[in-house]
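What follows is a set of structures to go through.
Same chain, two partners: chain A is paired with chain B first, then with chain C.
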Partner chain A sequence: MSDQGVTMPRAVLSGLRRHEWLGLAAVLVLGIVAMAATQPAFLSTYNIYIMLTAFSLSVLIALSQMVILAIGQLNLSVGGLGGLAAVIFAGAMDVLGLPVPLAILAGLAVGLLGGLINGIVTWRTGLNAFIVTLATLSIFKGVNIGLTEAQPFYGIAEPVKWFGNARLGALPALLLVSGPVVILTGVILARTMFGRHLLAVGGNQQAAALSGVGVGRIIVLAHVASGGLAAMAGMLAVARLQLGQPTIGDDWLIVSFAAPVIGGAVLAGGHVSVIGTCLGVAIITLINNALVLLRVDPFAVQLLLGFLILFAVGLGRVRSGR
Partner chain B sequence: MTEQSSGREPVLAIDGATKRFPGVLALDHAGIDLHPGSIHALLGENGAGKSTLIKIITGVHGADEGEMRLDGAPAAFQNPRDSIHAGIAAVHQERNLVPRLSVAENILLERMHTRFGLIDYAALNREAARIMATLGLDIDPRRPVRDLSVAQMQLVEIAKGLSVDARVLLLDEPTASITPHETGTLFRLLRDLRDEGVAIMFVSHKLEEVLDLCDTVTVLRDGQNACRSEPMQGLGRAELVQYMIGRKETFVTGRQRKPQGAPLLELNDVSTDLGHHGISFDLRPGETVGLYGLVGAGRTELAHAIVGAARITGGSLRIDGEEERPRDIGHTLRQHRIGYVSEDRKGEGLVLMHSIRTNIAVTIWQRIAGRLGWLTPATEKRAVLPFVEKLEIRAPSVDQPVGLLSGGNQQKVSVAKWLAAEARLLIIDEPTVGVDIQTKAYLHELIHDLVEQGTAVLLISSDMPEMLALADRIVVMHEFTVTGEVPNDGSSGEVSGAIMRCIHAEGEEVA
Partner chain C sequence: MKRILTAAALLAGAGAAAPLAAQDTRVGVVPGGPHPYFAAWEDAAKDATAQLDLVAEYHVPAAWDLSQQNAMIESLVGQGFNAIAVFPGDASGTNATMSELKDFGIPSVAIGGCLQAPTPAEFCLGTDVYQSAYLGTKELIEAMGGSGNIVHLTGFLVDPNTSLRIDAVQKAADEVDGVEVIQVIADIDAPEPADEKINAFLAARGAEADGMISTAWVPSVVAATALRNLGDKRIRMVAIDHDQVVLDAIRDGFVDGTMLQNPYGQAYIGAYALDLVRGGCTVKPDAPFDTTAQTDMFIDSGTAFVDASAVDTYQDTMIAVTDEIMDGFKDTYMDCPE
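What follows is the complex of A and B.
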């Protein structure tokens, strides 16, 4: 460290890190061009709509994980919590007959409360968030199954169903939710004190504490934000599926990690990128779509995503100068 | 594995070593000769190329040009294993210990005793204890390394390096965070090894040590030899500094101050949950009080308790005459404007992957943020820039990650964030460890100026000359209690004598 010379290759790498999303954007453009050139169906309005719908949902799932990665922790309960919020949202309309705004509030409240529990337990006990959220994943799923008896809620309010299917050309209405949320998350991370605190705690918790940052508060708030984002994803899934499916959230785990990591998040914490995460989601969405269009067996999708995560984590290690 | 030769032939010689990194020439035809039975000083400012040279010898880097000869035969190491096999051992500046493993496991990591394929812990611990005893080190070999203090870790690191029977031993700033007493033991051991014929290379920023210990010296400046393998005899501090910085050194001299007003900080018979007891002293604005003691005396821990990172369980702590029980660090720092510059820059001082800008601004985010916590990089930059300029932090921009800065510049960032926070009381823990001479003088000057302007400074240092240069009074700690207080009247011999008596009087009672 003391010699300038030794640190120079790392300086180059840090330059690479600053513009990490350029490489991802290039990969995405390349993929789009390749697909457009070989698959006529790819650029059809309907196919683009399908992709943007999947993107709208996945990006919220990815952001939910990303805010926890920012503080250097993992959240396994993103899917469990999002699923619980989804069935509460659907059940509030179906069973209780609540108006849509109240149902939304109920779903959101479940997400925020679940996040609060994750955050407080993690902070108070000092246990690894991996273990805490593994436990709460099971608890959230258990409550979900208990409430629904594993049966979907069908009585979704018409405006919600309409919203789930509405589109303007290739643009799904769902983007009206996820677009602003993405922008807001980016602004909060880059332009507010809370965002700085979040990254400082993730970068070096001890240093942050000794600099006067309220570490406990930040950890709890990050989990609350994660829960809120997961709940929004769950409710969008209800709107899109047109029913309160208890299995919502079961398949979120991989995408929740893959997108932020591909997007340049450092697993140890302290560095995440909203743009990178969005590009990560876009790339995953593109791969999924390509495999469908090419009629590849769905198992290959899982396989490929697995390799993609390994690749992204490997890339992350190179970037962090190891 | 010692090799007694005439002492004429170098066991290891490097000629014309050149190493380029993107954008910088780290070594420019540098050379060095290490002779058996000799202690060789390698000196140079931060960035002069010392670490690069060491990394070439230890096989971490390959040189772009130049030749290395081992016993006269050309040699090139592809990786650190090659170098170890050739009988070269190194104690690196960065700590290379596994925190969760025990002291013994760390020392003997590559050479664990096994019986029936299982590790023989009794033998392992015995062996480690024996190695540590040669260093006068009394640490339970079964203790996990992460429970040790920074200085104890450094000593374990040294023990690890010494445990290999090496022909060439490289020590990169081994004394950076250990006390004079431990340094003395280390030096005796190094002299013994020299007399057995080991070639030792010693890197240090403390010139007094180098003059005391080393037989020959090589100085690097900007990657080139300012001198190569010259005998130390006849050289003095002034000549070495001139070699290193290319001009004469300027000194900070002690000034007489008269601190005024009521004490800012008063501790009266304080005890803590970390084991402190009977801690009493006070600190007034415009005054520097030093906390001096051996490793493990509880100084850093006391600093933690004052800012609220540990709990005070008895006695009274007053700030501005008001009784306080610091609980919440953020509250202490903001309410009373108390700043803490940690000894462990990497562990608890800085966020290495983050920019200079955010590392300084962290203490003032609350103040500079707009409504709803709105905070832009431009706002931060405006707030931070005066301090970056004031402290002459050298970097291409304030967006540079601090992990890429030299130790001296990192330390300036650690100090800058508390200047930005307008701290009235600064607790500064080992401010100049791993910092080069120019930066050290600069930091001393800065502390002087701050105190002149009315800041109260609590200085924790194991560097006696530093203590004597900066402190008005020196509070001596031993085994988590205060054993005496010595006014610093500038007569270095008497003051340091008094300090040592404080430590040892108590030490004998306890033992």
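What follows is the complex of A and C.
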């Protein structure tokens, strides 16, 4: 009896250690319970819908960065590329009058092409991806501004506008895009050769090369995937905002890094967690929502946001026994 | 940077001591970065070129970054531009570049936003943001029927104008019994955070709000869209500026009106004034300038409330305000040689 009593908590602790994200899940649940207890409107259908909408967009941004963190690199151009794909998508409908499927293909192609450029330049030149994407961030933004002259595209097709604001109860239609993408990313990382190679390159590039992994190919493909995810986020932002704002993506940098890192990603590469990243996005979304609901003084919002993210990371790590 | 400007100024022949003929004036109109607000500057530069005896061109830096703006100004001087109308990338930081321009005989004015005094800029021509926010709130209170709760949506807190706007909205509310500012949502002059925070407010506390005042471009657009999506005409709203989404929302009754600024007039009058300075005029030291927290040489470029009755002719309103300032501008603010 006493042995069982000791064994059970050990098993639980062991489980907690195996699934580092359980700590984050506990932090998230704690936050939700605290908000629900103090703010009755927090659990209203519409507020949950608003949070899930923000989550749907942010999770794609975070995954776009996460696949680059997996290979031990950093991508500063996630926002620039997502913003460019957004205005191409919007401009294709507004200026060129393309049907929605072709406009989506155009936006996606821009993202994939931008990622391809990032990947090839990084691999072929041997330059740090930080430097390469710092440069391409400026290039992507420059093309964006050159095309739009800082003016939004307003002529968004009605089905796109509808999709950006459609919901079933608290579930936004945007989840129909981000949900499968999250699952697919998780499956690819956990179950496919490409996923294992991705993490192997991030863990030790030389060892991966000696094991026969095509390091260059993996780096390029990771950047292509990152570009595709950023483009999807950009197009979802257009659907949500109902216009192609040239400033879409300008605000993505912090969430793109914060969510994967909160979720347990190792900046040196080789270890990322899709579930952890999703929980990281959820925690940031919760914090942003709470700061509005709690009527925090606007001059204190940034300060509190920083402290709360640090607190979430710290508590998550403590609870996961790391 | 001084070396670059020296070479550029020599190339441009801008260091000549004698006043140049007015038609030699080439004005670079430079915003702080890309933003829809400045689109009217481009139109104004074209109109100034067509209607006044000068050349004015609009050049926008690729990003909101002081170093990029400085590099663009250097490049313009290198191309022969000999007068600069600038929205300061940094209220203090831009002064250094303007000082160097002045050393080479290139006059400058701050338009849209002011430089921190002491400044080499001839003057600042911009919106009296305090007055605009104050009047906008008064219009909102009237639309609300004289009482109720207000939420204030505003821009980046690092912009000193944001504090002025927060104070102005609060003052207008304090002056009326039964009106309260229940929340200020700031740092939302970017689409994604604006969408997230404005909708979070509407979801959780929308029932408490009777009115929304927006004092920044992006929150105006996002809030107008949110009210349209919700089909909510109970919450009254006054926006700022002239984005198409806001104007459409005014037409359709989701927004009561918008506080129009006068970006067209800022660039047009700025180019005109710089041409006068290059023609030998000097700014009158006793001209009736207004005083703001940044400068005591402020000229209000005008503001107007546009509601559904005037929304289709808002451009005429901007031009009328500009014409009003242009009439007598030379006599009021400049000392010119006979």
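Heads up, the rule we're going with is that the second predicted complex is superposed on the first by the 279 of 322 C-alpha atoms of A that agree within 3 Å, B and C clash if a C-alpha of one lies under 4 Å from a C-alpha of the other, contacts with A are read in each partner's own complex, and residues count from 1 in each chain.
Just so we're on the same page, a residue touches a chain if its C-beta (ideal position, glycine included) is under 8 Å from a C-beta of that chain, and two chains touch if they have at least 3 such contacts.
Everything numeric here is computed off the predicted structure, so don't read it as measured data.
With both structures placed on the common chain, the touch criterion links A:R124 to neither chain B nor chain C. Residue contacts after overlaying the shared chain place A:H197 against chain B, while chain C stays out of touching range. After overlaying the two complexes on the shared chain, residue contacts for A:L210 are found with chain B alone; chain C is out of touch. Touching of chain A by both chain B and chain C, each in its own complex, is seen for no residue at all. By the touch criterion given at the top, residues 34-36, 38-39, 42, 60, 62-63, 154, 157, 166, 182-187, 190-193, 195-197, 199-205, 218, 221-222, 225, 229, 243-245 of chain C touch chain A in their complex. Residues of chain A touching chain B in their complex: 1-12, 14, 190-197, 199-200, 203-204, 206-214, 266, 270-271, 320. Listing the residues of chain A that touch chain C in their complex gives 39, 41-42, 44, 46-47, 49-51, 53-54, 57, 138, 141-142, 145, 148-152, 154, 165, 237, 240-243, 245-248, 250-252, 285, 288-289, 292-293, 295, 298-299, 301-302. Within the complex formed with chain A, the chain B residues making contact are 19, 21-27, 46-52, 55, 93-94, 223, 307, 309, 328-330, 332-334, 340, 342, 347-354, 358, 361-363, 365-366, 369, 372-377, 401, 403-404, 406-407, 417, 434.
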